[in-house]
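The two complexes that follow have subunit A in common; it is paired with subunit B in the first and with subunit C in the second.
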Partner chain A sequence: MSKNQTVEQRYLPEIQRKEIDELKTTVKGASQKIIADNIARMKKADSHRPDTMKYFDDIANLFGRRQQEIEAEKQKGKKIIGYLCLFAPTELISAADAIPVRVNSGWYDTSKLGDRVVPVEVCPVIRSTIGAKMIELSPFLEQSDALISVLTCDGMTKLSEILSDQKTIWGMNVPRVKDSTQSLRFWSAEIKHMKTQIETFTGNKITRNSLKEAITTSHRATKAFRRLQELRKGNPVIMGQDAMLVNQAYSWDDKKRWTEKTEALCNELEKRVQQKDWVCSPDTPRVMLTGTPMFWPDSWKLPALVEEGNPKGIIVADEQCSGERILNDPIGVDEWSMDDMLNAISERYLMASTCPCFTSKDGNEDRINWLLNKVKEWNIQGVIYYVLRGCMLYAMEYNRVKKALDKINVPVYYLDTEYTREDVGQLKTRVEAFMELLNARIDF
Partner chain B sequence: MAGELIGNILSLIMLVGLGIAGVIAVLVWKKNRASRVTFLRFVIQAVGLAAFFFLFSLEPAIPLLYVLIAWFAVTLFLGRFFCGWVCPFAFIMDIENLLRKALKIRYRLLPDKLNLALHKGRYLIITVFLLFPLILWIFNPPPDTATAIMMARLLAGPFRPYSLIIDPLVPFVVPWTGQLILGNINFSYPYVANITSLIQATPGQIFAIAFVATTLIGAFLVRRIWCRFCPAGVSIAALNKFKAFKGVPLLYIEKDEAKCTKCGVCKRVCPVQVNDVYDQKGGKIKTSQCMLCARCVELCPYEDTLKINLGNKPVFKSRNWLEPSIINEERKIE
Partner chain C sequence: MSTAKEFWRWHEYRHTMPNIAPVSDDIITAGVDVGSVGSKAAVMVNGQAYSWGITRTGSNSPESAKKALDLALKDTALSTRDLRYIVGTGYGRVNVPMANKAITEIACHARGANYIWGSSVRTVLDVGGQDIKAIKIDATGRVVSFLMNDKCAAGTGRGMEVFADLLQVPIEEIGAMSLKVEAEPEPVSCTCVAFAKTEAIGLLRKGWSKEKVLAAYTRAMAVRMANLINRVGLEPALVITGGQSKNVGIVSRIETLLGVKCLPTPNWRDGGLDPMVAGAFGAALLAKALYEKTQQI
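And now, the complex of A and B:
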């Protein structure tokens, strides 16, 4: 609230300092409890969790170790650049010696605060992020010196405007038809502009070597990520929620350390595979999640329900921008020249994306192909289509996905929910019914 | 005579052995999967260059008409494999490319339309070239009308400087080539020969030298510029555009539609800017532009998405160049 205090608040309500502090303490306390609770439940679901998961439990505490680390870096003069959408070129941020963190909010409590600014019909992720800003809850959002907001869905478009009351926001236009030369040209120009913006803001020039370094770092991370995904292909060795946490932790953790720890986790899991030490019975229905992103910590209610239910399922893959899509596509650099690296970055972020914000004459076939391929390769028996009420794009693509999956005889279950814990009981019934169905199908 | 023949065969065997040794050396030494094939190609191109010098310095020379027939027959089945992997002139351009990379200069792209026009232009160039003896005959009826002699006049006579434009064809199309021997090495390979033999200044020779210079500079700025209109690259692979010849190309790129995310890497890395691999949905890629250099297959980040097939068997698959983990077979469910 420091530098913009005098600026007129165009969207956000004026709240007394005292009220902010009070709310923050309450919500933070509740959230810390939820994080601890989530981890406890994950431990309970898997009686002998891999030892390496300890590190990720530690990192999962949003108000703990990582926050202090970033604070220390900030004191040293490093800039923190947050991003609200996966399209933001994190490699450019790292190359300019700044720290990229994703600041989307997963707190249920703050979404109710967001209702004061935007109507309830708006996507809860947006409302929750606004609420988190209002009471200064999110450590990463508070620490970030600037935010990259990519204007993908309607929510994101206005969210950046609302947050600009208090933060420096850089918007990036995304072309909605991705499969055309002019779109790519436009997006490349956006990426190049973002590069200059980051350079001016941080005062560090993005050089050929620093960018190469950043790209190789993310290559290594992708390699570790793919190794983990490869391990989930066979009989289950890791709970889905654990793997999802690992994937999502990448968006706020230190990239190099994350890679090391994930490799260590994979080593441990490979040993388990040799010992045929499965995490649950290999007959457990194999489930894939798709749809709206699920942000740690509160949104873990669904994966927890799937893997704790009776009968239970195991999540082996997902297609969410909070999960596998973070790291699935590496940046394919042909020549390590500045020009080619920037082109490669623009292509990777635009063309490889399966976000439903794109429209195409073949009906967003990239996403369908991804899903079908995942179903085949990961041997998936059922798909849960998770939609938060208010997320138009995912909801509207449901029928397309359902028809495609019907063709290969894989059941899809449309599960809509809200940023609330009130429907947990109802969700439990619905999820268990679906698992029952999957079990019945396996038995036949 | 017999001894010479055995000697020649032995030299060829040595050359092949050298090639295989080079390939193995690269496979052992180069662990980076994103540039392994590129290095392999350099080895094969270098061996190809040596093989050409050797073939043209043979006494008695092999009747190159046979080479020509064999060459077209091979193109029919293998597409432009030769262009991507063997052609010594392409080797020169690839070395220029390396130099450019070392100097950190970026490459330029030709507009897609121009690229396509050049590709079609090569058919025009080769038609004109094949009709040239006829044109010569009309203007200046020679005493001897044998086609071979006419060709020789075109390639060695007063029109020599202008015929440079079809030069990479010379070793293949023409049953005779001018020879330039320094020491024991035959430098009849087009460009070297031309530069050394066209020093005396006449308008034609100035044209020739300017042409050589521009193509060399062009190849420095634009990757494989010559290959985009090289008349020697007239590919019978064009046949695979017609359904009747569907089975003819034995060597082709295949794309798995389901695994492709359309990330566009294949389009960007292609040295001759072929868009077909990216544009076509899946299955057998039909194109007569592609030289099968396999750069796209090498850099495709998704496993098994792009393949180069020989017949029905994949000889080279795109693999995750980030190195995948070892997949234990027994881990898979049944």
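And now, the complex of A and C:
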């Protein structure tokens, strides 16, 4: 037996090193171009974009500065712990002196590679993440020493099996009924188990002080995040696609630096509010996005169509686990004892989530309430319900959401798409017709 | 020299309304609807249909737009210089060089259907060459909500052209022919243009008549359209616009499936308002509204 022989893979196909390298070079080149094009377009959409956005543009380069920083930390012996779902308690990772980084794929090109492993009917986020692993495209996924996979939807559940061919995977079992004491008890046990797992893996003990510091860091980030969202309540001072990038960059950036930069961005935006310096006319239809997560870079296809269309809309809020849900809710700690902090983390990650993986049968109206509250507070005039084909949970909740929005007379448009650029022309017609509809309600 | 008969080719024509003599004070506007298969242009005088033209869309959208508008203006007292405002619509709306503004075909068909059939229209089914749209509208012709099929051409006008060619039946006779069956066959299982063609060849080999094959395909298309209408929520009166509004096989099957009658299609062969031009009519009307807005200061 040659010593180069690899362990047999249960899920992933065997691919020759040469093919991996070739594909990686091609897709990476294409992706770098898409990232650059996205940013160039975003700059064009807002002719005097806030200066602080330069920082986020830099962090948005997935193959750039942040990859190098993480690599340097890794060389020094730090563990990198990736996660695939927002339920992963990142504070525990930070408290063990490891780096948390989200690794869901936003690359359209790799979804076609994923088709070799799972059928095309499967959600493209899953297929694309598999494809990214196959050609070692994703810097953060490759750098991860272990992955936390929360078993929420079917896609996430099976994705963790497939990735286990090449990665250490820790599955977390999330209850499907939210409002019950036994669910919280069960989930708390999962959180405590995860703490032990992280401690063993990193060799670092999570102490009362280190956890307190990690939670405090999150609190500060949430505060900065909320300040930014407050600024989106009034006349538009920031393009939605810029704000969405800021929010999402948190999941791979350094937490403290992100907070500092977001505060700086808010300072800049506050000056613009005083100068009544808007990014678009205040009568531009105000749009909220909800549904399947949108991952940078390729999924900026839709925000671009909304904000650069004819007529255009302005995205002022979202209810997505790739956007505002990342930081909306602080961890509510009463006393800074280890037990209390762990309980607070358990509650925050379970109770604050509006993921459609929960049943609403037992009276859980959290997602609907979030949406209705946003509509009211952010003065939303229309909602785009975004669904990637194969994303069953969001698709199946549409009617319930539509009924709730119908009651308050807010139009909602169901927009289904794929990880492809081929449907841009058709999507443009659909999005623009929806913006015309919203405009006609304001004034024609 | 022999040329193969082009069964898919539909009637390209133009029409001028009699008894309208535009004068210089009139507000003359135009709508140009560049679809994936057909390009339509309509000229209106003070918001009344004056002339229109329908032609096939070529590979170049700007040229197709110009061709349609020239056709609409041909042999009239008007020229492009008389047009105060032009709205471009349809798939190629951004490539209508003479247009002052682009508006989606969804808003234009809504407005156009309101113009052709009046304020009672609440649901519009637009079956174009490449897509199907179900649109709910209010009494003023504004869009309330809409649905559109996904990106493939399944169950659309383009699919009908493929069938006309395959079965060697002139496209304008397809609808009537599909109704000449004793009993309605099961619909074909797939309306995808590529697969339906394969399935149809199989059925012909099995000994099915052309009529029966057409009935099975038309039925499948109608089911798809009826589903789209049901999803958007059917509210009478229902009308059908776009090229397929001329296909009696489609119209009568949708009526049967939904259990409602569509408002009758105007006799366009005799100078009636052509529902295939609905988008261009709507665009010309919106052009008038936009022109008037520029005048009030």
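Operating definition for what follows: the second predicted complex is superposed on the first by the 435 of 444 C-alpha atoms of A that agree within 3 Å, B and C clash if a C-alpha of one lies under 4 Å from a C-alpha of the other, contacts with A are read in each partner's own complex, and residues count from 1 in each chain.
In this section, a contact is a pair of C-beta atoms (placed from the backbone, for glycine too) under 8 Å apart; a residue touches a chain by one contact, two chains touch by 3 or more.
What you see is a predicted model, and the numbers here were worked out from it, not measured in a lab.
Aligning the shared subunit A places subunit B and subunit C next to each other free of steric conflict. After superposition on chain A, the vertex angle at the CA centre of subunit A, spanning the CA centres of subunit B and subunit C, is 120 degrees to the nearest 10. Looking at the superposed arrangement, the partner reaching more residues of subunit A, out of subunit B and subunit C, is B. Look at A:Leu437: by the touch rule set out above, it reaches subunit C but stays clear of subunit B.
By the touch criterion defined above, A:Asn310 lies against subunit C but remains apart from subunit B after alignment on the C-alpha atoms of chain A.
With both structures placed on the common chain, the touch criterion links A:Gly234 to subunit B but leaves subunit C unconnected. In the superposed model, A:Met351 lies in contact with subunit B only, and not with subunit C. Of the two partner chains placed around the shared chain by superposition, subunit C is the only one that A:Asp416 touches, whereas subunit B remains out of contact. Residue contacts after overlaying the shared chain place A:Gly203 against neither subunit B nor subunit C. With both structures placed on the common chain, the touch criterion links A:Thr429 to subunit C but leaves subunit B unconnected. Using the contact criterion defined above for the overlaid structures, shared-chain residue A:Arg226 touches subunit B, although it does not reach subunit C.
For the three-chain overlay built from the shared chain A, the minimum Cα spacing from subunit B to subunit C equals 24 Å.
Across the two superposed structures, the residue set of subunit A contacted by subunit B and also by subunit C is empty.
For subunit A in complex with subunit C, the residues that touch the partner chain are 310, 411, 413-414, 416, 422-423, 425-426, 429-430, 432-433, 436-437, 440, 444.
Contact residues on subunit C toward subunit A in their complex (touch as defined above): 91, 94, 102-107, 131, 142-148, 150-151, 289. Residues 101, 104-107, 112, 257-265, 268-269, 295, 299-301, 320, 322-325, 327-328, 331-333 of subunit B are the ones touching subunit A in the complex.
In the complex of the two chains, the subunit A residues touching subunit B come out as 179, 181, 184, 208, 219-220, 222-223, 226-227, 230-231, 233-235, 266, 270, 273-274, 282, 329-330, 332, 334-335, 337-340, 343-344, 347-348, 351-352, 354, 366, 369-370, 372-373, 376, 379.
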